[in-house]
Amino acid sequence: MLIGKGEKLVMIGDSVTDCGRTQPVAEGLFDPLGRGYVTFVDALLSACYPELGIRVVNMGNSGNTVRDLQARWTRDVLDLKPDWLSICIGVNDVWRQFDIPRQTEKHVMLEEYAATLGQLVSTTRPQLKGLVLMTPYYIEPNRDDAMRMRMDEYGAAVRQIAAAHDAHFVDLQAAFAPLLEHVHSAAISWDRIHPNQTGHMVIARAFLKAIGFSWTGAPA
Amino acid sequence: MLIGKGEKLVMIGDSVTDCGRTQPVAEGLFDPLGRGYVTFVDALLSACYPELGIRVVNMGNSGNTVRDLQARWTRDVLDLKPDWLSICIGVNDVWRQFDIPRQTEKHVMLEEYAATLGQLVSTTRPQLKGLVLMTPYYIEPNRDDAMRMRMDEYGAAVRQIAAAHDAHFVDLQAAFAPLLEHVHSAAISWDRIHPNQTGHMVIARAFLKAIGFSWTGAPA
Amino acid sequence: MLIGKGEKLVMIGDSVTDCGRTQPVAEGLFDPLGRGYVTFVDALLSACYPELGIRVVNMGNSGNTVRDLQARWTRDVLDLKPDWLSICIGVNDVWRQFDIPRQTEKHVMLEEYAATLGQLVSTTRPQLKGLVLMTPYYIEPNRDDAMRMRMDEYGAAVRQIAAAHDAHFVDLQAAFAPLLEHVHSAAISWDRIHPNQTGHMVIARAFLKAIGFSWTGAPA
Amino acid sequence: MLIGKGEKLVMIGDSVTDCGRTQPVAEGLFDPLGRGYVTFVDALLSACYPELGIRVVNMGNSGNTVRDLQARWTRDVLDLKPDWLSICIGVNDVWRQFDIPRQTEKHVMLEEYAATLGQLVSTTRPQLKGLVLMTPYYIEPNRDDAMRMRMDEYGAAVRQIAAAHDAHFVDLQAAFAPLLEHVHSAAISWDRIHPNQTGHMVIARAFLKAIGFSWTGAPA
Amino acid sequence: MLIGKGEKLVMIGDSVTDCGRTQPVAEGLFDPLGRGYVTFVDALLSACYPELGIRVVNMGNSGNTVRDLQARWTRDVLDLKPDWLSICIGVNDVWRQFDIPRQTEKHVMLEEYAATLGQLVSTTRPQLKGLVLMTPYYIEPNRDDAMRMRMDEYGAAVRQIAAAHDAHFVDLQAAFAPLLEHVHSAAISWDRIHPNQTGHMVIARAFLKAIGFSWTGAPA
Amino acid sequence: MLIGKGEKLVMIGDSVTDCGRTQPVAEGLFDPLGRGYVTFVDALLSACYPELGIRVVNMGNSGNTVRDLQARWTRDVLDLKPDWLSICIGVNDVWRQFDIPRQTEKHVMLEEYAATLGQLVSTTRPQLKGLVLMTPYYIEPNRDDAMRMRMDEYGAAVRQIAAAHDAHFVDLQAAFAPLLEHVHSAAISWDRIHPNQTGHMVIARAFLKAIGFSWTGAPA
Amino acid sequence: MLIGKGEKLVMIGDSVTDCGRTQPVAEGLFDPLGRGYVTFVDALLSACYPELGIRVVNMGNSGNTVRDLQARWTRDVLDLKPDWLSICIGVNDVWRQFDIPRQTEKHVMLEEYAATLGQLVSTTRPQLKGLVLMTPYYIEPNRDDAMRMRMDEYGAAVRQIAAAHDAHFVDLQAAFAPLLEHVHSAAISWDRIHPNQTGHMVIARAFLKAIGFSWTGAPA
Amino acid sequence: MLIGKGEKLVMIGDSVTDCGRTQPVAEGLFDPLGRGYVTFVDALLSACYPELGIRVVNMGNSGNTVRDLQARWTRDVLDLKPDWLSICIGVNDVWRQFDIPRQTEKHVMLEEYAATLGQLVSTTRPQLKGLVLMTPYYIEPNRDDAMRMRMDEYGAAVRQIAAAHDAHFVDLQAAFAPLLEHVHSAAISWDRIHPNQTGHMVIARAFLKAIGFSWTGAPA
């Protein structure tokens, strides 16, 4: 288990991360972390590693692109002084290209996406004990779907940035693949982006695998 | 224009038809027909053919399968004594097979679908001046998608029933195809079933084409 | 079809245009254009001309007179950089003279109306590819009704301004006339201003006719 | 003043009478009589004739035609054992012919109207100390308007029934005429049926005039 | 009738005047004047004197004392440029002495009351065509009740100020007296301050009497 | 202290007792006893005599007269098998005679009041360990006020019934007297019936005094 | 993994199970299983064993004791024809003895509890492929706390019933113990019964351990 | 009775004091003091000592620690110029150490607590006629519970500060002890902090005892 005793993990992203979390900073009493993977991560860490007392903070904001992350980075990441940071961004950067194709000013194209994410990562990495980068995804098994193809390109950019900056890489698109062998995407998500609780557990599990989590807790 | 002066058109179906219509019978004051294709059909008929005074009644109910139509057929169709009837059913019959695959008791399989719809049509057709059957659809251009394939089978059943009972046939799956050449399905519908207003206009236009509607109204 | 590929059409006006549109700028996801003619225009353009990808933006504000348009012109028209602009204003300028006759400070008299609208048009026209001016109207067939008479005078002013500035002119009062030959105004509007969906389709159709729209889309 | 000490006056009708009155029987504490002419009648009677202690009961129901009155006559009139009764019905009987012209089953034509009202009056009159019949009206000065013409016919029927059964007759259409010489109908009512408070005072005043009310109360 | 054609009457006061009026300035469409005497005054003036077109504006604010009037006098009276002004203040000045006797900082004692009201009146009177001063009141017939006694003192102060500044004086305490000969105060008001609609008609009638109102309108 | 260990005290009455209690039976978790004297009684008994574990049940219903108590006596008193019962009824029996004087069918006159209460008491007393009868009251120090006089008559009837059936008698009218020597009734109650928390404490204290309550709890 | 392909697991209990689940039967779309351990169980089973398609149904009802389970057993368990059943009941049976000690009729004492649960289990077990019995618990580490002691007795009864009827036994009290070595009970639950998401994961984990669940899914 | 005629008592604290009080300053009409001990104190003082007219002001704010009191001390205490002041703070200072143990920045440790409270007391005491310091408490009889132990340390600090500054000391932890001999803490409070009305009466009684209150009022 890579995260250490009393360390703080901030998880930032878009609506997939947000899931109705408490504003402005989601941590603490009354289950403020929203109904998504962040709550699963926190509950599993606390239930399996009670001796570690890891702090989990949800800073996801619905609708965000990497542009929005950049705009709130100081207040919502740096000022919180995380030990660990996870970033899951890019879904909206791509989606807007397909659901509002006429409004090009709201599209974050690949070059801008990669440059912005890279810049955020490179300046922040030195202050972190650990960093996890999760890819955007599209719960669509057809690799020829135009939006899936685009999403895969953004995922590839995340992989490169992770490799370049000593970050743990989580391929969420790949994490959904086994599930899609057994059920249609309609059973996980009505819009192929926002998953049900099963889909959020897929995300949580992929994240936890990357940080060396064990279901049975720490070895004695 | 096939529908005549003062005739009543009842449009029945599921949520695509319902769209927030007034209960129990949607006709009359205060725009009760919902925010979907039925309102478009009514507004276009009234604006282009004011001399005909055609009555449009929306009897769609969200979530309905053909089983549900059968259960409410007497009260919601026969008792209203329509001159014209349009039926658009099947989306949920198929969808439930994919979004809740474990709950098989809620799946209406093809054989039951075709038999039930056929029985409703055959007993009702003699009392109607005109009947329009619209296919279910899935706003997914990939013909290999499992749910699209299934939906196509249901659409084929509708085509057969229409042919057998002197009904006008409207292929909604085909109606969406030109649009999907220019935009991704995400631009029309988040779940590939419930369209935005543009998608509802596609449905309305396909329906109106089938009944000989002219944008410029009746010839002088 | 006069509006070209990817061009942006801004439609500004009062409550007839507004119809519950999203604030501050209505364009994009989740059908933000309100329940009126703007949605009809957008849905018909998108359904019939999917290859054009025309952007439709609703900037109507309930209760507005031409004074209010002037006050928000920079932010709500110029800053949006439209290619095409449609203006439908004047109903409230006249109506207030009749429904609150004692509060003369809220009446926008003909001279002020024509001067203000003319000034907005003359300074904006050079930046536009196309401009559409729609008349105010009163859904009252009696030409001797005092408010109808006044509305006709404002409509005549719009006609003059359109002619002077190379704008497409849409006579909405005339557009309602055929409908009123078949139904009483009470069947279209309770207050003879705010139409039902049929009346909004009458407006949309008059607008679309002015810009060369074809129900069957672009010629092959 | 015709109504005597401690007598009960029941006022029945449609939405013009209802005005948000308390259900099922509107009398008593907390101003239950709605925001219309019934409250004005009650307040004026109580303020000017405190020594009489007249009971005023509002039994108007929005949307009612004379058919609806007939259906609830026993419970809503006879069971209350009024000394005086006022009836103001017919607006919806006529209006539906014009605002939903296609739904003819909801039209109460003149013959049925007169017959039903006549029957209610003839059987009830013997049990009453006094009866007041008020005409329906349309706040439209143009006598050639189709709906105004029809409303005038219904008013004429009320006049005949009043004459035939010893009822006080109140011509509300006539009562609005002086006001319309000074203001447009738009200043009194947006739909030419539901008046503002000024219009309700016109109704109350016409009613009170018919029963011998004096603004200065009873003579010493 | 003292108020002339097209003149504006502003009525200011506390909750008895306010009665749910529209903020910030109550005049115009949709019956904005609240459910109290101001609406009665307006409806009676408009119904009986339609040819005068008098403007009635309700500027009452719930909970106000004369201190509060002073604080908002410029914005809420002078800026509106009334021709006629009516003031009904003092209820809360007295009431707070009795319902929160410990919080003496909220009591407006007689000397302050008279001085403040006198100052407002003396500086404003020259700009008015007419001024009406109405007394505070307590719907309690027992002249020995401590709060009634105090209220009477404030009423006497109003009378003096009216006499000194050429204002019409309305003794509301006296206006309620005839009603209280026939019913208990509980039948008019639960707290002996806020009257029901009958009580508001008593106030309206007393006011109208002071300005020469006639129920039958202007003499021919 | 007369009430014994584990005994159940049911308190029945009108809105003074009800105070927003939980329906249908108010006892137990989450402070269900309402914001009035019943909560004070319960809290004081539990805090001062924790060893007794007395059950307090609030069965007050707003608006009730003794007629209403009679109608629900079996379900709301007898079926609960109380050891002790307190009754506080009569306020509405009297009040309706004054606030809706015209609606005589809602007045419960003295004879009926005394007979009904007497009958309930006489049949129930044998099944009780103790019974407390509290008088209705009117927080009005003027004994010549008509409603106060009537209330005193009803209070006298309660005193007689208590004497005749071995009940503890609580004179609530007398209990309020000392308070009214120091503050006006307006400081306790806006309508002279529904007291603020101070007034409810006056009631609770009078009740507790009757049953031998000691602020310092049971003697050692 | 003991539960097999396509089998149905019904989980019944009180508010700890309910957690806002959908009524009347919680299964299927839109995450209907509530915010507690049932959702965790379902999400983990579906994410880790997608090939099994296990159906999870939440039938918990807030406030239930074993008496309530008995009353709804046929409709809520037997009629659903589960393959597997889990029961978690007893918290309220004990809690009511401590939070409303005076209302003994709401206490389900140990003998009744054991007899009722035993009867339900013995008659149902034959129809099940598997049964899981979970103990009630009190998140209080002090074994001398009166309520904890009582809860332990009920837990012991569950253990005996499980042993007697071939059920899997889950000791939830024991499951919370490791967590309480590191945090105070206040960090898991405000009332020591309803856990936060971490506590629910503790329950889910204990349940899953009993049925042979593996975090890494089925062995290849 | 130590508090004198017309003196003002301000009671400040956290949610135990707040209980839904009116913001920003809770005093006066409509029972603004919340549903807790402050209302009980006020009602008992007013009912038993009506001649004193003591002013009670609730300034509790939910969630407050002593840090929060310090931040709002000037506005919420000094500016109100109290004669008497009661402070009940510390519950949250301790609780946060146990319910969000990971968020150490929200813990107010003993040293800071004592220093801050001491500073507030020492600077304010000279301006007061009397000061009452109440301890924080934990309704948990087990003295070995970690949170109870910590709370006892904070209570000891309060005792020292009271002794050092001539303040009346109220040991609320001790006040709850007799009650806990008869009922489990679950009968008073679900979270062992927020008491039901019985628990609030325990607090009110302990406070009143400290200031020489007598249930029978002032001696004659």
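First chain written, first letter: the chains are A, B, C, D, E, F, G and H, and each begins at residue 1.
As a convention for this text, a contact is a pair of C-beta atoms (placed from the backbone, for glycine too) under 8 Å apart; a residue touches a chain by one contact, two chains touch by 3 or more.
Fair warning: this is a prediction, and the values are worked out from it, not measured in the lab.
If you take chain A and chain F together, the chains in touch with both are G, H.
Counted as hops between touching chains, the shortest connection from chain B to chain F is 2.
Of the two chain pairs considered here, C-D and A-C, the higher C-beta contact count falls to C-D. Of all residue numbers that take part in the contact between chain E and chain H, under half occur on both sides, making this a different-residue interface.
Averaging Cα coordinates per chain places chain B and chain C 32 Å apart. Computed from the mean C-alpha positions, the centre of chain A lies at a distance of 67 Å from the centre of chain D. Rounded to whole angstrom, the centroid-to-centroid distance between chain D and chain F, based on C-alpha atoms, equals 46 Å.
Per-chain Cα centroids separate chain A from chain B by 40 Å. Residue positions 53, 99-101, 183 of chain H each touch two or more of the other chains. Screening every pair of chains for touch gives A-B, A-C, A-G, A-H, B-C, B-D, B-G, C-D, C-E, D-E, D-F, E-F, E-H, F-G, F-H, G-H. Contact residues of chain G toward chain A in the complex are 30-31, 33, 35, 39-40, 42-44, 46-48, 50-51, 53, 178-179, 181-183, 196-198, 200-202, 205, 215. Residue ranges of chain E in contact with chain F, taken from their complex: 95, 98-101, 142, 144-147, 183-184, 186-187, 190-191. Within the complex, the chain F residues that touch chain G are 6, 27-29, 53-55. Taken together, the chain A residues at the contact with chain C in this complex read 99-103, 106.
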